[in-house]
Amino acid sequence: MNFLTPTEWAILGLSLKVSLVAIGLTMPVAYALAWLLARRRFPGRMLLDALVHLPLVVPPVVTGWLLLVVFGRQGPVGSVLQDWFGLSLTFRWQGAALAASVMALPLMVRAMRLSIEAVDRRLVGAARSLGASRWRAFLTITLPLSLPGILAGAVLGFARSIGEFGATITFAANIPGETQTLPLAIYSGLQVPGMESDVARLAVLSIALSLLALLASEWLVRRHQGDRAHVL
Amino acid sequence: MNFLTPTEWAILGLSLKVSLVAIGLTMPVAYALAWLLARRRFPGRMLLDALVHLPLVVPPVVTGWLLLVVFGRQGPVGSVLQDWFGLSLTFRWQGAALAASVMALPLMVRAMRLSIEAVDRRLVGAARSLGASRWRAFLTITLPLSLPGILAGAVLGFARSIGEFGATITFAANIPGETQTLPLAIYSGLQVPGMESDVARLAVLSIALSLLALLASEWLVRRHQGDRAHVL
Amino acid sequence: MCFDIALELVRGERRIACTIASDAKLVALTGPSGAGKTSVLDAIAGLLRPAHGHIRIGETVLFDSAQAIDLLPERRGAGYVFQDMRLFPHRRVGANLTYGQRDGSWITTDEVISLLDIGKLLDRWPATLSGGEARRVAIGRALLSSPDFLLLDEPLASLDQPRGEEILRLIERIRDELTIPILLVSHDPAEVARLTDVVAAIG
Amino acid sequence: MCFDIALELVRGERRIACTIASDAKLVALTGPSGAGKTSVLDAIAGLLRPAHGHIRIGETVLFDSAQAIDLLPERRGAGYVFQDMRLFPHRRVGANLTYGQRDGSWITTDEVISLLDIGKLLDRWPATLSGGEARRVAIGRALLSSPDFLLLDEPLASLDQPRGEEILRLIERIRDELTIPILLVSHDPAEVARLTDVVAAIG
Amino acid sequence: AAPRGPVILAAASMQEALREIADRWEAEGHARPVLSFAGTPALARQIEAGAPADLFLAADEEWMEELEARQLLRSGSRRVIAGNRLVLVALVGKDTGGDRLAMADPNSVPAGRYGKAALENLGLWEEARTRFVPTENVRAALALVERGEVKQGLVYASDAAASRKVKVLKTLPAASHPPISYPLAVLNGSTHSDASALADYIAGPEGQAILQKHGFLPAP
């Protein structure tokens, strides 16, 4: 395909890799948090809720800086990862994925939580009385019934991580082929006069990507809900 | 109160003003969009959906730049606003509010849409048969039953707009007392070596603000739902 | 005529046809489970559009595919007691009752509350009601909208005998004194026999 | 004893007490609307915790506040037909039926489907079922979980007479041939009289 | 409300120096100028979009030329008011951070471009390109050194002077890269009567003294 240069293809591929890995790994965590916040009352619940929202409130650059403090080479987690597993996150695509994941988390948790709260708990009771364990009732009732929220969370999270800039450039830097995702490339283009057309191509690219994600999720919802939509 | 300097109080006040105005004005628009996307099938629906998600996908700096192109003095909308109403958005707090509002929109629409989709349409039918017009049925059934989504949208939107940086600094600039909101002040602090403690104070401030919003929304939900929560 | 109904409906793969032409104030609609009774009531209330046909109750044409008449649900004046109740979950019982209330109601709120014995429930949320309590509130809500005709879909289901008797008497009074047309779905032949001898069977 | 139940429950401001001690295989639970019948069934199924008391069915102690016994709902082996059906909206009828299916069921899927006449509904979503169709699917789902005892909350509500008769006969067979304890909530005295002469009244 | 002084759009790296100049200017009886700091490109785009500002202080000539070509600057008002040097810094004390070298992105940030030119000139680029970490701006590169994430950073002398956590290893020869200059200009759309006077003040002895106190060099 000739409408993209090889570099642009590489950037696209990297962005996709970073976002998909980020969202894939964050989904279960986000869902667990959403479930806790929706269904459990425990001390510190409000605190957890606030913590989850943090990356939304704090400017992305600060989030990136905090990631550096915690996951950097000198950081408490980063040094352990480095010494024990030889894993370094800063300046690596894994770091970009971590940044994308943290920034997407609050959006995902909220959407999932809304859907979990909307699940009729009496159905869980019915499942239990039919012999389902707590766990099976969760897997077969709560989880599938909160699918709209899971999909909405995935779409929001994917879009957010495709667009993530501030935390990524601060924590993972702007290394072509390693951490230079679409928004970083777009930003670089914007810094130089006269690069508007390159920027536009990249912007169209990220829009196309999210449009695809959007279409996919709509399709999934339709396929899943089929004809069981309510009638007036 | 002595733990904040007068400048910090002013920044806090400005941030609050910008976010509250942004969210207040965006809520009805977001809800209308959410309702359209949830309940209507029309040509261009997917396009509208994609458009709403745009500010999430495109890096904030690009959004700010697009705002500049459209709402700047030379822009198609900006020049009309300027000539007809004498209203200029660039370098004004109204511009910062516009940027915050655009960035918060996708989050608000998604949350509201999830809740609207979860409203049982048969209840709307019941209301109509009891003599309610389409409009009254909407106001008395769909709207209140989607309250969880409205509140979640408000919280997400408020948090996002309190944290908004990239689009604001690009579109509305970094003018103390006019457009220098918390994140912009934090950014300014980060540009100067050795200002970490001031930055930390500002960051804590924005976190406190969103925590308050969070608490308020939880309280509203509880007060509203009262004892009608489901029993297993 | 009181009821002049002829319509055909499509539900999924099923076609449902129903014809009622009668001067009786109360007509019973019967038929096996799944025959289409609820669908017919939905069509009369304007919540489901028939493939074709007409619906006239009393003097009013509610629907006529030939004349392209299709009144909005809120213009039809139906007092519909739904088979599945459909109470508004975000309004307390009291607010559910008054939702459709209109001036010039032919029954007062106090009468409804005491007849249905739901005075103690007014401050409760619908989710906390028992099956029979919810049924009575649904009946009350429909009556208070001072409807021009009543659509009752198994109004006595899950009610104990004394309470059912009370409501049967109320239905008789509405039929005789107020002369309001009533279409009743019931599976109990004794109940039907007591209220009317005009039975429309479908399915 | 087949049923040895003594419990007290709190619902909102109401206290509900219920005592059943009987060797009959089928006991009818009656009482006015709102008396607490559904609450008692919920407590037996383990979905509602009694304030105190004990629940023994057949040989098994399901709950005993004195001995601090409280079996999980899934361990109680209840076959509960809920008053409000509670079909799983995201599973087709077929998948609802088999949800609780266990090996060594005393009734086969085919038997249930033909007895309840729900063969045509297997591929449908619950939201598209009529009231009586949903009721029959709910009964089928409970039977297929091969329960150790049955809790039937108005199982014949919104069913036409021939279908109701079919199900009554099925209940009789379960009572007599399988000797599975059954607790039945019903408002129809004729139905109750036909099935048992042990009636526990509450309220 | 107090009368507003001219609006200055200035590169973020000029923040402290310009604030001090504004203080002094105000102390001399003028209305306080309005300062808006951001990256040079963002500021230039605001000017292109017709933002109501009076002065533009950029961190490099490239955007200034772009604006001049578009006739957005008052003719004859453009002048260079400060210069800078590139230095190689490292964390004071322990030696950590592998062998990475942080510097502003050569593709998009002027400091990076200067740095790359200098390294090329000195024959060090081929070695450096395998280990360098491009950052959003010079401050971010400095922060990475301060956090011990990288071994060395290539930053402006003015930034290195402001940080107590880093030490200067080497100052790159001025001849090894194009001159680093900070141009100032009055905007064509400016209506403020103080604009020219303030520009002259920044370029004059008082302004220069403050700029040099903050580590900037006189205009090259």
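Letters A, B, C, D and E mark the chains in the order given here, with residues in each chain numbered from 1 onward.
The definition used in the following text is that contacts are C-beta pairs under 8 Å (C-beta built on N, C-alpha and C of every residue); 3 or more make two chains touch, one makes a residue touch a chain.
None of these values were measured; they are calculated from a predicted model.
Enquirer: Based on which chains touch which, give the shortest step count from chain B to chain E.
Expert: The fewest steps needed to get from chain B to chain E is 1.
Enquirer: Sort the other chains by how far their Cα centres are from that of chain D and give me the top one.
Expert: Centroid comparison gives E as the farthest chain from chain D.
Enquirer: Quick one: report the Å distance separating chain A from chain E, using the average Cα coordinate of each chain.
Expert: Using C-alpha averages as centres, the distance is 36 Å.
Enquirer: If you average the CA atoms of chain C and of chain E, how far apart do the two points sit, in angstrom?
Expert: Between these chains, centre-to-centre, one finds 78 Å.
Enquirer: With centres defined as the mean C-alpha position, give me the chain C-chain D separation in Å.
Expert: Centre-to-centre distance between chain C and chain D: 29 Å.
Enquirer: Per the centroid of Cα atoms for each chain, what is the distance between chain B and chain C, given in Å?
Expert: Chain B and chain C have C-alpha centres separated by 45 Å.
Enquirer: Can you list the residues of chain D that touch 2 or more other chains?
Expert: Each of 47, 84, 128 in chain D touches at least two other chains.
Enquirer: Would you mind listing the residues of chain B that make contact with two or more other chains?
Expert: 61, 65, 122, 125, 187, 190, 230-232
Enquirer: For chain E, jot down the residues that touch at least 2 other chains.
Expert: Touching at least two other chains: 45, 143.
Enquirer: Okay, in this complex, where on chain A does chain B touch?
Expert: Spelled out, the residues of chain A in touch with chain B are 46, 49-50, 53-54, 56-62, 65, 106-107, 110-111, 113-115, 117-118, 120-122, 124-125, 148-149, 152, 155-156, 159-160, 162-163, 165-166, 183, 186-187, 190, 199, 203, 206-207, 209-211, 214-215, 218, 230-232.
Enquirer: Using the touch definition up top, name the residues of chain C that touch chain D in the complex.
Expert: Going through chain C, the ones touching chain D are 11-12, 30-34, 38, 83-84, 124, 128-133, 135-136, 153-154, 157-164, 187, 189.
Enquirer: Of all residues in chain D, which touch chain A in the complex?
Expert: Spelled out, the residues of chain D in touch with chain A are 42, 45-47, 72-74, 76-78, 80, 82, 84, 86, 88-90, 99-100, 102, 125-128, 141-142, 145.
Enquirer: Spell out the residues on chain E that touch chain B in their complex, using ranges where they run on.
Expert: Spelled out, the residues of chain E in touch with chain B are 7, 9, 12-13, 15-16, 34-38, 42-43, 45-46, 49-53, 139, 142-143, 146, 159, 162-165.
Enquirer: In the complex, go through chain E and note every residue touching chain A.
Expert: 39, 41, 44-45, 62-63, 66, 96-98, 100, 102, 105, 107-109, 133-136, 140, 143-144, 147-149
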